[in-house]
Amino acid sequence: MAHRVLHFIADFFVYETAKSVVVKSWSVGIINRVVQLLIILYFIGWVFMHEKGHQLRDTGIESAVMTKVKGLGKFNNHVMDVADYVVPSQGGSSFAVITSMVITANQTQGRCPETEDKFKCTTDDNCMAKLGSNLGNGIITGTCLNTTNGKTGWCEIEGWCPAEDDKVSEKPMKEVENFTIFIKNSIRFPMFNVTRGNFPSSLNQSYIQSCHYDPVDHPFCPVFKVGDILRHINQSLDSITDKGGEIGININWKCNLDYNVMYCNPIYFFTRLDAAFENSVASKGYNFRFAKYHQSEDGTERRMLHKAKAIRFEIIVSGNAGKFSTVPFLINLVAALTSVGLATVFCDIILLNFHKGADEYKAKKFEEVSGDVSESANNRHCEGSQMSIKALEKSSNDSGTFSIGRQEAHSSSNQ
Amino acid sequence: MAHRVLHFIADFFVYETAKSVVVKSWSVGIINRVVQLLIILYFIGWVFMHEKGHQLRDTGIESAVMTKVKGLGKFNNHVMDVADYVVPSQGGSSFAVITSMVITANQTQGRCPETEDKFKCTTDDNCMAKLGSNLGNGIITGTCLNTTNGKTGWCEIEGWCPAEDDKVSEKPMKEVENFTIFIKNSIRFPMFNVTRGNFPSSLNQSYIQSCHYDPVDHPFCPVFKVGDILRHINQSLDSITDKGGEIGININWKCNLDYNVMYCNPIYFFTRLDAAFENSVASKGYNFRFAKYHQSEDGTERRMLHKAKAIRFEIIVSGNAGKFSTVPFLINLVAALTSVGLATVFCDIILLNFHKGADEYKAKKFEEVSGDVSESANNRHCEGSQMSIKALEKSSNDSGTFSIGRQEAHSSSNQ
Amino acid sequence: MAHRVLHFIADFFVYETAKSVVVKSWSVGIINRVVQLLIILYFIGWVFMHEKGHQLRDTGIESAVMTKVKGLGKFNNHVMDVADYVVPSQGGSSFAVITSMVITANQTQGRCPETEDKFKCTTDDNCMAKLGSNLGNGIITGTCLNTTNGKTGWCEIEGWCPAEDDKVSEKPMKEVENFTIFIKNSIRFPMFNVTRGNFPSSLNQSYIQSCHYDPVDHPFCPVFKVGDILRHINQSLDSITDKGGEIGININWKCNLDYNVMYCNPIYFFTRLDAAFENSVASKGYNFRFAKYHQSEDGTERRMLHKAKAIRFEIIVSGNAGKFSTVPFLINLVAALTSVGLATVFCDIILLNFHKGADEYKAKKFEEVSGDVSESANNRHCEGSQMSIKALEKSSNDSGTFSIGRQEAHSSSNQ
């Protein structure tokens, strides 16, 4: 029993390594090394240097954005300041700057005629057909108003009266071009516990108050002029104030944390977010309605309805950070080493098929055991030592000329 | 010196390939090919076709959402339009549609009795015990009001008076079922710089104004009827307007950019977001409070407090895009090729243990070198050529019958 | 023809396995096993147990957050409740709690002097130089007001008058420390279709109304006291109410779905989001402006401008879930198996260079074929059987002593 355990341990610590055939051939040797070199270059250049295959990547960036718009404009002879034109007011990552409004003042609940063209009528039947429509300014009652003398009138609605007439158009607030947006963005890569801000702490108050972002001259300035942004996305002010629009301010963090964290800085770029709908005939632009509510002395509620065309800004923060990590590094390294071994597959094909002396290589590389080998083995054991030469001769044939036809198939199965 | 360099170069360009043993056995040959085939099928079918192992995947989708609700309802004999019931009004990705409100009009700062049951009292001591509570409508002063004749009264509060009494309940605005939500979603995959909108540019204005989304008939219609959404998530209008609720409109982009980008379209699905709390006894539904502020002629500030039950809609955009990329392709290909080689491990186990003639295969596969081989090698060198037959005979034994016991251990260490 | 097909099939089902050299050496055998053991331990411990290399990871967490603040405070002798100090009111994932305000009541459109120090003037020229400035409370007209007797005056502005004077400072609302934030967070891992809420359904109403989150005692309580949060991030109330600030409430879901989904619970942690700008001299804190609009009986619009300092809370939900999946498991397993094979590379270096009897091992491991082998092969074929001993002798030399110098180079190319 102890003997068997000992035997097992001895067997366990036996070392096994592949037997190799060494071919002293300049042509195949050079091809082999060149192919290996190409594979190594590919891994170093592409997998490791370009694709950062040795880094663990944190794509779960956490971000907090604070914005502050500054600027004064004139709309309809009123001076508009931040509290008037920025909605919502809290300075989050998504906000709209109102550039023009259609204001319907002093609305109260009641009944009055529609103003939309699609609710024109000549008889009550025209309006009955539109009962339940969601497209009017109020609930269609089914009555056609102002139709004396056969004139075209409007369907009556129940709701906030008078109805909004959004065909009135005021000149938009052009000063928006000079408005500035201050962006404070602080991000965190939770995997590496790295926190960064979008501008260095060393920037002083007066620089921040006077600078405007420029990718070349002021890459760290966190103040963006609306006019500059429009220029970056090749849009004129008119094209965007005409119907309203959405602008994305992308803050992209791409950090290689193998270097000093000081180099982890964002890149800004700007997009017109509704660009995907640029060629769409329907639903262009951006507008929304809101109301300011008042109460008359007699207690009736009045409201001032605003249909606002606006530029909506969305601060979109994206990014990822990479840092050396053993798991992806080793997986890619093993892939690289294994791939280097694949050069042999390629060279074997050449060596065993297209090289002079291919047959001889085959004879050396492949050693054959036939399915009925056990019988010949038995024979060999029975035969005396004087027969061993012959047996060896046979064995030499086994891995030699005898099996050439055989091996052709093999080499092709290698391909 | 030059000779050594030359020698080194010659050695460097030597080609080395593994020496193979070829077994002409139908059974093992077929098993080998079948196992290889299974491995290849697994990689093609699962890794490459199903899991898209050859693609680089961009999960950092960037999204901008614009929404517009349409519809008219009646609540408490008032007609409510978008400006009244959508909060916030700017048409972002998260908004609430108010379905009922408890309105407490004409509140001013002052002192008045509580309305909540938990602030009932008979003596001032009852109220002193509740000083500092956050659950009342105002700051508890410690006085118990209206307790004449031993009747139960209410604790006095300091704050906006009169206090809200939210036990009043109005019938919710049932018309919400017919409201429509228009969603404009534009996304971007930054890794591939692909921008897409949730509906094709070719849709015309009249289609968008009249269609309602349906997964089968109108998959590209970006207008969603609230009633349809409720049907999709198996909720009745009553169940959601009763206490308010949260509905998620998921827009899922799963794009295979190896095909034409035209096939990169979203799939919509709907969830009740508070479903995780469905069985919770506490904190059901969704409501919030807001106030509209007025100023009396005498300068005192008054407010109109609204406790609103609402359906909150959240547009959740998710998705990823894949595109052929060499790095993941090669890593998976190398894994595949290496795995194909693992068939040999499996077949060796069979061949060397369970196949007839296993001993002979072992003899062929393994060639032994013992730790004290150097001595026998020295002997061989000293002996004359007449001895070489015997030496060879021994060598033949080395890789033959002699080491069978040995090899058993080997094959088991292979397992 | 049929013969060739048969031949091809026979060749196809031939089994090929690498020929191995077995070395019975305790030292190399033990080194080999130890290296293999280290590699296996590394993969089990790090790749599989720590990095969960066998799991598919869903990082695209979908989240919906509902918040509700409770508490009553006093500011400027007014009692403030939720409707007064929470902006926006809808209970989303980002909201501000106003702690102090500078209120400028009864503003109307008109002309009046500035209040900011940078718009002090003695002559109109001072003000002309500031035309177009975005930093004032209104549009600079270019006139200097109140300069009689050489006294310093202020530039005139056109806009909402009187201009805000934010140098007035009221005591902040200290009661914010006792405010509580109730957070309802429901998440979903789309890849595995797992939905979870941040507290169990079994919690009852009275527990939720009375508990305060504590990482040790009440880890499932979804109610957070502002004072507790400030303690967690080591901030005093004064430091944050002084200039306002941003606090992040991170809800981190890290779920191992190989276990029961009941163990998939969030971890909360708190950060001061503007920490990245802590040392910045510029733009500290958090404040924003909003206005409440009133209408006088005579129809002129008045507003009440609020400059609010606030604590902004951002609920940041992050996380990922892992579940066993065959693709990452197999890729890592193949990497593991391949890596185990790399032990051979290491041991070959030792065996072929630093071990006694290295030459003999080389002779066994490497079998040489020279580039001009075909000639000698031809010779062999021509020679009779009586020559075969010599040929074999030569062959034995081929893989023996003859090529030792040769093999040195090889082993070094292995390094």
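First chain written, first letter: the chains are A, B and C, and each begins at residue 1.
Here, a residue touches a chain if its C-beta (ideal position, glycine included) is under 8 Å from a C-beta of that chain, and two chains touch if they have at least 3 such contacts.
For reference, the UniProt names are A, B, C = P2X purinoceptor.
Since the model is a prediction, treat every value here as computed from it, not as a measurement.
Undergrad: If chain A (P2X purinoceptor) were absent, into what connected groups would the remaining chains fall?
TA: one piece
Undergrad: Same or different interface residues for chain A (P2X purinoceptor) and chain B (P2X purinoceptor), judged by whether over half of the residue numbers are used by both?
TA: Counting shared over all numbers used gives less than one half: different.
Undergrad: Would you mind pulling out the distance in Å between where the CA atoms of chain A (P2X purinoceptor) average out and where those of chain B (P2X purinoceptor) do?
TA: 15
Undergrad: Can you list the residues of chain C (P2X purinoceptor) that touch 2 or more other chains?
TA: 10, 12, 14, 16, 18-26, 59, 88, 294, 297, 331, 335, 338, 364, 366-367, 389, 392, 406, 410
Undergrad: Once bound in the complex, which stretches of chain C (P2X purinoceptor) touch chain B (P2X purinoceptor)?
TA: Going through chain C (P2X purinoceptor), the ones touching chain B (P2X purinoceptor) are 10, 12-26, 59-60, 62, 64, 66, 68, 70-72, 74, 78-79, 81-84, 88-92, 178-180, 182, 184, 186-188, 190, 195-197, 199-201, 203-205, 207-209, 292, 294, 297, 302, 304, 326-327, 330-331, 334-335, 337-338, 356-357, 359-361, 363-364, 366-367, 389, 392-393, 396, 400-401, 406, 408-410, 412-413.
Undergrad: In their complex, what parts of chain B (P2X purinoceptor) are in touch with chain C (P2X purinoceptor)?
TA: 7-8, 10-12, 14, 16, 18-26, 28-30, 32-33, 46-47, 51, 53, 59, 87-88, 94, 96, 109, 132, 134-139, 158-160, 246, 248, 250, 252, 271, 273-283, 286, 288-291, 293-295, 297, 303, 305-306, 310, 312, 314, 316, 318, 320, 331-332, 335, 338-339, 342, 344, 347-348, 351, 364-374, 377, 381, 385, 388-389, 391-392, 395, 403, 406-407, 410
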